[in-house]
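To start, I am sharing the structure in question, which I have written as structure tokens.
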Amino acid sequence: MTDLPISPYPALLVGLPILMATLSLFFRTRGEAIVGIIGSLLTAGLALIAFVEVTKMGTVIHILGGWEPPLGILLRMDPLASVFIGMTAVVGVFISLYAWRYFPAQEATNGRLPLFWPLWLFLWAGLNGLFLSNDLFNLFVTLEVIGISAVALAVLSGKSPALSAGLRYLLAAITGSMAYLFGVALIYGSTGTLDLKLLSQVLEPGTTTSFALLVITLGLMIKMAGFPFHFWLPPAHSSAPAPVSALLSALVVKGAFYILLRLWMEVFGVSLTYAAGQLIGLAGAIAVIWGSWQAFMQTRLKLIVAHSSVAQLGYLLMIFPLIILAPGVTADSADWLSPVWTAGIYQVLAHAFAKASFFLSAGIIIMALGHDRIESLRDLVGHMRITALAIGLAGVSLIGLPPSGGFMAKWMLLKGIFLSGQWWWAPVVLTGSLLSAGYIFMLLRLAFAPSREKAPFRPVPKKLEVYALLLALGSFLIVLPADSLVQFLESSEIFGSGIETILEGGINGND
Amino acid sequence: METTSFLPLLILISSLIPGILILLLREEQAVLRTFLNIFGAVAKVGLIAWVFAGYLRGEEYTFVFNLALDLTFTLRVDQLGLLFASLSSVLWLVTTLYAIGYLEGGQHRRRFFAFFSFCVTASTGIALSGNVLTFFIFYEFLTLSTYPLVVHRGTDKAVEAGRTYLWYTIGGGTVLFLGVVGLFVVAGPIYFGQTEIIAGLISEYTTQLTILFFLMLTGLAVKAAIFPLHGWLPVSMVAPAPVSALLHAVAVVKAGAFGIVRLVYDVYGIGIAEQMNFLSVLAVFAAFTIIYGSVRALFQDDFKKRLAFSTVSQLSYIALGVAIPGVLTSTGAIVHLVHQGIMKITMFFTAGNIAETYGYHKISQLNGIGRRMPLTMGAFTIAAFGMIGLPPVAGFISKWYLGLGAVEAGSYWVVFVLLVSSALNAAYFLPIVYRAWFCEPEQEVVSQLRSGRLETQALLLIPVVVTGLLSLAAGVFAATAGSPLSIAREIAEKLYLL
Amino acid sequence: MSVLIDILLAILVIYLALQSLLAPRLSQSVFLFFAFGLALALAWVRLGAVDVAITEAAIASGFLGVLFLDALRDFSPRSSEEQKNISTVQNSRSRNSVKSLLLPRLSLVLGLGLFLLIALEAVWNIPDGGGLAADAEKLLPQSGVEHPVTAVLINFRAYDTWLEIGVILLGLLAVFAVGKIQIYRKPIPVVDDILLRQVILFFTPVLFLFGAFLLYFGKTGPGGAFQAAVLWGAIGILLHLGGRPIFLLIPRWLGQLLLTLGLLFFLILGFLFIAGGATLFEYPPAYAGVLILIVETLAAISIAAALTAMFANLNQMKKEESNKIDSTN
Amino acid sequence: METYQIYSLTSAVLFVIGIGGVFISRHFIKKIIATIIMGGGVFLSFVSFADRDALAFADPVPHALVITGIVVAVASAAFALALARRIYQLTEEESFTNDK
Amino acid sequence: MIKEVITVILLVVGCFFFLAGTLGLLRFPDLFSRLHALTKADNLGLGFIAAGMAVYIASPWVAVKIFFIWLFTLLASSTSSYLIARFQKEQEQTKNRKE
């Protein structure tokens, strides 16, 4: 473990945003924004340098304080983590640029929201910390950093619906972290270590481990708005200011997913059963159908987009039943694993780009209209062609039409579904696609329809539209480097691996 | 597949880049836009001609880009693809000219021409795609790029038509998606022409491959407008005439028909398809669609609607030709792909010209129009005769080969279908011709578009004359080397030699 | 005997927890919560976790309790359960909805019961993992402090602790975000009570000294930055209540400095270590003791400032209408 | 029955009470109290497991973790309280209007 | 032995005062008298218990610490009950003025 190359970047990736966040507190509104935007650009630059470093050197580590695990904490930046960090950086920098223009432009209607920048940089540090962390308890702390800053960002507008949604979100987040932490306590009690790597060697199946897995999974499901616990997401995401909604949807929920993936794959392999995978897949499938249907029924743009997040996260959960092999199948013979992993990564990436773009576009529309009821989107194409194009592109990626990243994800997912013989997930994927096509094209239809008013849209800064469009394009461009990206990820230990199960033992239930 | 060539990619880029550039231009920059359009169209025709020449010399053009795992994006030149690509590029050039004239002074021309270019990019992409994945990518891309064209007018009716169009095509696309992924899983990444893969697997995976065939066929049948999946086509003729021309002749329906040809000939192979009795199902549906479309066309008074139902009927000739195994029917099917395109585009241009010049949309208004627009109606008459199947126009050739092939294959009922449909074709086209030339106009209307000695604008007139002549030439010179027929025949012979 | 005490204490803790959730009146809830915190602190002592006991009593029960008490002034005296009953009497339609809620509630309770049984089973059968005591004992001499808990907090797992200081600052920012920072700058009425003022003046140095003692003592025994920080934070809260809101009395930049000092110093120190070729928070062994003391002091100052500011901000968030003020009967 | 067992069982009970409280209680303040109770259960389990081997040198790591955890939990609770008070200030609502 | 006896006596007496104070808190009619019972009795009870502990441990330093604990508690509880009383009085005055 410790013979991997040591690099300072992991520590800097967490330290730098917090440093800038803290520094920004010393300034008033404008200065704070300047420090904030510089901080985001620096962090993004650092993330890209670190990404390049990992592509060259492979996994790098940073032993904090020089104390090796199990006593100390180790930051590990493997290809999987670096892809998530890179994604955060790219999406983050666009959202930062957008926010830099958005908040001054919105000052007249929303008033000043001075704390955006420090909170966002804290959030960024938390996300980087989470992706890098290799320690169960440290993951809890980063989850809390993310949770508090995310909720604080969500309530920035200070309006009562946002506050109410924020409190709901916060309570869900605290409950989730506490459930997670209870699992950590049990794991620490039964193994005496918190380091993921060491845990994977010493963890033994048993009631305690299974229960720990159960509470950890439940906790993380609450945090990532997995199906029965999705109730907090739509109000919280839809009532936040536009750049914040984009951050919450594109990045924050991915954090919990990342931990879930890491823990299931790296740590809890011993106590997973086929049934556990099927159950979590079922939760995902219901989320896909329910979320898409709810999105279809909404009449406010941001609510549509928020419900669509529930559905898109459902696809992520549907990865799990495919990676947990049925009894009797070995990971060597399971040739569907790499498509499924590719599907997972692409779903994460495509959703991050497309959803961020979508929320930014929604922000632009609210700016132009003063509200986001969709019947007022009439003739959007005529008046705001860039935004219309961005919505169209992002929507195409969400539906999963070629040649978008979403298409890559759906293709690989379907392929994995067929190859693994678990064909019963296929109708879910297709129904989800059709339903999402339904709500996306409902928007497009309105966008092309003739307007009933003379000049329905107030002018908005063009740059905002361009940032949203670039993000939407990003959800297409990610397909181009797919081959090298997958090869890069395959050098990560867990990418492409599967959990082999035996017939007996492990938990039988999960909800 | 050994040598990588960027030429096929260049063919796509020649319309993609102008499209993107047009989107970036301002609405007022009409001259630059027109230049880009025509430049792209001419470049595309030139490139395809070059590639065609190279191909005839025996060179191979393949462009491969590996997306991820075994997903590869492949463009490859073969005869069938080239035939379709040349058809779309030539007709695109013509339609571009027509559209420039047709939309002069209209709104949102930037958007129109941009998506127009994307649309042609997609259809040449379909033509040149070397494997099922690439085909599917462009197939969906085509759906998306035509949507803004269908709703271009922005009226409630257009938007509603766009919705119908999308539901049909996205639904079809989803079914196709399922089939394509399934095929990938069962047979791996199949390149067109590698029929031996399926042949090797068919005994082991009979059920799966049968299901997948029909899934893909259903997906493709939506665009090919085979009954009962044709509903979008008559509705979406609310679009401007160039778009209808594109939808009905060049791009969308042809993509469906072309896909069926590819599926049967180059993926499953004609032998397997016949052996598994896939084709008889297709034949029955195609035959029914031919009659059904003709009967529906008979009762339309709206000019474009009649043409639309005629398309439904005519397209199924291709499917029918594919469905009856034999060199002659295959030749007929492939050549009809081209012929129907040329003839139908002429007809839509005619309808557009009449509507633009005199504002007539109904057939009952067309009395005596031939005297006022002789060139336009002349072209229409040629095309109509072709559709009915009178020699020496192009349509005759296709029908002849189809009928001959059917006799050869012993499917006499097909001959009967062909005869009935020809009679119906005559029944709904001849009255138009008759009205135009032999009826007295009820009132004299003077069009503002009528400038100088020309019966309408030059840019509207030239395309229709050109395509009218083309459809005549395709029939008259059918026997010469390089004509669509000879190419189609070569393709068909190759198919059956294997 | 000792087992009996433990069982009684455990029952008391559970009873208080249940009661604080079930109490019909909000004020009862809050007071029972206070008691719960103190009982839990006793449980920590029984388990030999004196540091945790101090932290629990000081922060979770003390500071949070004060915040809850302060919040009580806002909310109406009746709890929502009663209000719901009133509204159901007024509105028969919502009574139906209460009835329809009964089934999900019941299933939720049953589910929780099942969950409890599994949880009890899981904690009862927990295998003995050994823990890290041996590692910590071995490395303790190199850490620069003698008290193992402090060593873990500020040295072995300094990263967690640093993030935690960040979380406190973040919590304060979040509270600001809710209250729209302006509230916090609003002057508060000065209390003109001589007794209160004198008592506060008396307690200020006492608390300060005691905090400093805890901080320094943390090196060798239970105590340390967090415990000290709460005491110092208590000074700020007392001064605020006594009409001397520190953050309004000192210049803005100083307030900001106080709030961020701990986090910044800790981080910049870590960056300096990196620059010197080591890793983040890798103290040079020779200076570890001194550096840890400085880090702890500054962290304690920052946390104290943050707690004060949190309280001050929450305190001013009260509802303005006078008829809403809670009377204690 | 050992001391640690009593408290580890207590911790499980507290955790479940907390979870139940978060979902069933209606008033904001009670929901927040419930999260703290839940946290209390979690922290108690950490330390009670550490107390198993009655060595002279108790495992300091769980103690440190719990101190960190308590402080983090308090920060979140204070934030939640601020939200609750602000909501009440603006709307006079003391609980979520539509249940769940 | 004698030390233990003295400790027990002091603790019992302290507990008695606590009990009395609690009884007063529960039984007295109004706020002021409740406060009265609580502060007086409890502070005294705490004093006895503190004294008992000091005797039991029998170390001068600890005794000083315990004394300070008692002193601070005394100060804090008397101040707070004074404040509660004052708050109540103000409330009543405003109520009267309104009526």
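Of note:
Lettered A, B, C, D and E in written order, each chain numbered from 1.
Assume contacts are C-beta pairs under 8 Å (C-beta built on N, C-alpha and C of every residue); 3 or more make two chains touch, one makes a residue touch a chain.
What you see is a predicted model; the values in this text were computed from it and never measured.
Within the contact network of the assembly, the step distance from chain B to chain C comes to 2. Chains that count as touching both chain A and chain C, per the definition above, are D. In terms of Cα centroid distance from the overall Cα mean, chain A ranks first.
More C-beta pairs touch across one of A-D and C-D than the other; that pair is C-D. In terms of their C-alpha centroids, the spacing between chain C and chain D amounts to 11 Å.
Rounded to whole angstrom units, the spacing between the C-alpha centres of chain A and chain E is 56. Chain centres here are Cα means. That of chain C falls 26 Å from that of chain E. Chain B and chain D have Cα centroids lying 68 Å from one another. Among all residues of chain E, none touch two or more other chains.
In chain A, the positions touching at least two other chains are 71, 137, 141, 144, 148, 151-152, 155, 158, 163, 166, 186, 188-190. Contacts with at least two other chains are made by residues 11, 15, 18-19, 39, 43, 45, 49-50, 61-62, 65, 68, 72-73, 75-77, 79, 83-84, 86 of chain D.
Pairwise chain contacts in this structure: A-B, A-C, A-D, C-D, C-E.
Contacts from chain A toward chain B in the complex involve residues 338-339, 342, 379, 381-382, 385, 389, 396, 399, 401-403, 407-408, 410-412, 414-415, 418-419, 426, 430, 433-434, 437, 441, 444-445, 448-450, 479, 482-483, 485-486. Residues 118-119, 121-123, 125-132, 135-136, 139, 152, 155-160, 163-164, 166-167, 169-171, 173-174, 176-178, 180-181, 253, 256-257, 259-260, 263-264, 267-268, 270-271, 274, 278-283 of chain C touch chain A in their complex. Across the interface of their complex, chain A is touched by residues 23, 66-69, 71, 107-108, 111, 136-137, 140-141, 143-144, 147-148, 151, 154-156, 158-159, 162-163, 166, 170-171, 173-174, 177-178, 181-182, 184-185 of chain B.
If you check the complex, the residues on chain A that touch chain C are 6, 8, 11-12, 14-15, 18-19, 22, 25-26, 62-67, 70-73, 111, 114-115, 118-119, 122, 125, 129, 137-138, 141-142, 144-145, 148-149, 151-153, 155-156, 158, 163, 166, 186, 188-193, 202, 204, 206-208, 210-212, 214.
Interface of chain D with chain C (complex): residues 1, 3-21, 23-27, 29-30, 33-34, 36-37, 39-40, 43-45, 47-53, 55, 57-68, 70-79, 81-86, 88-89, 94-95, 99.
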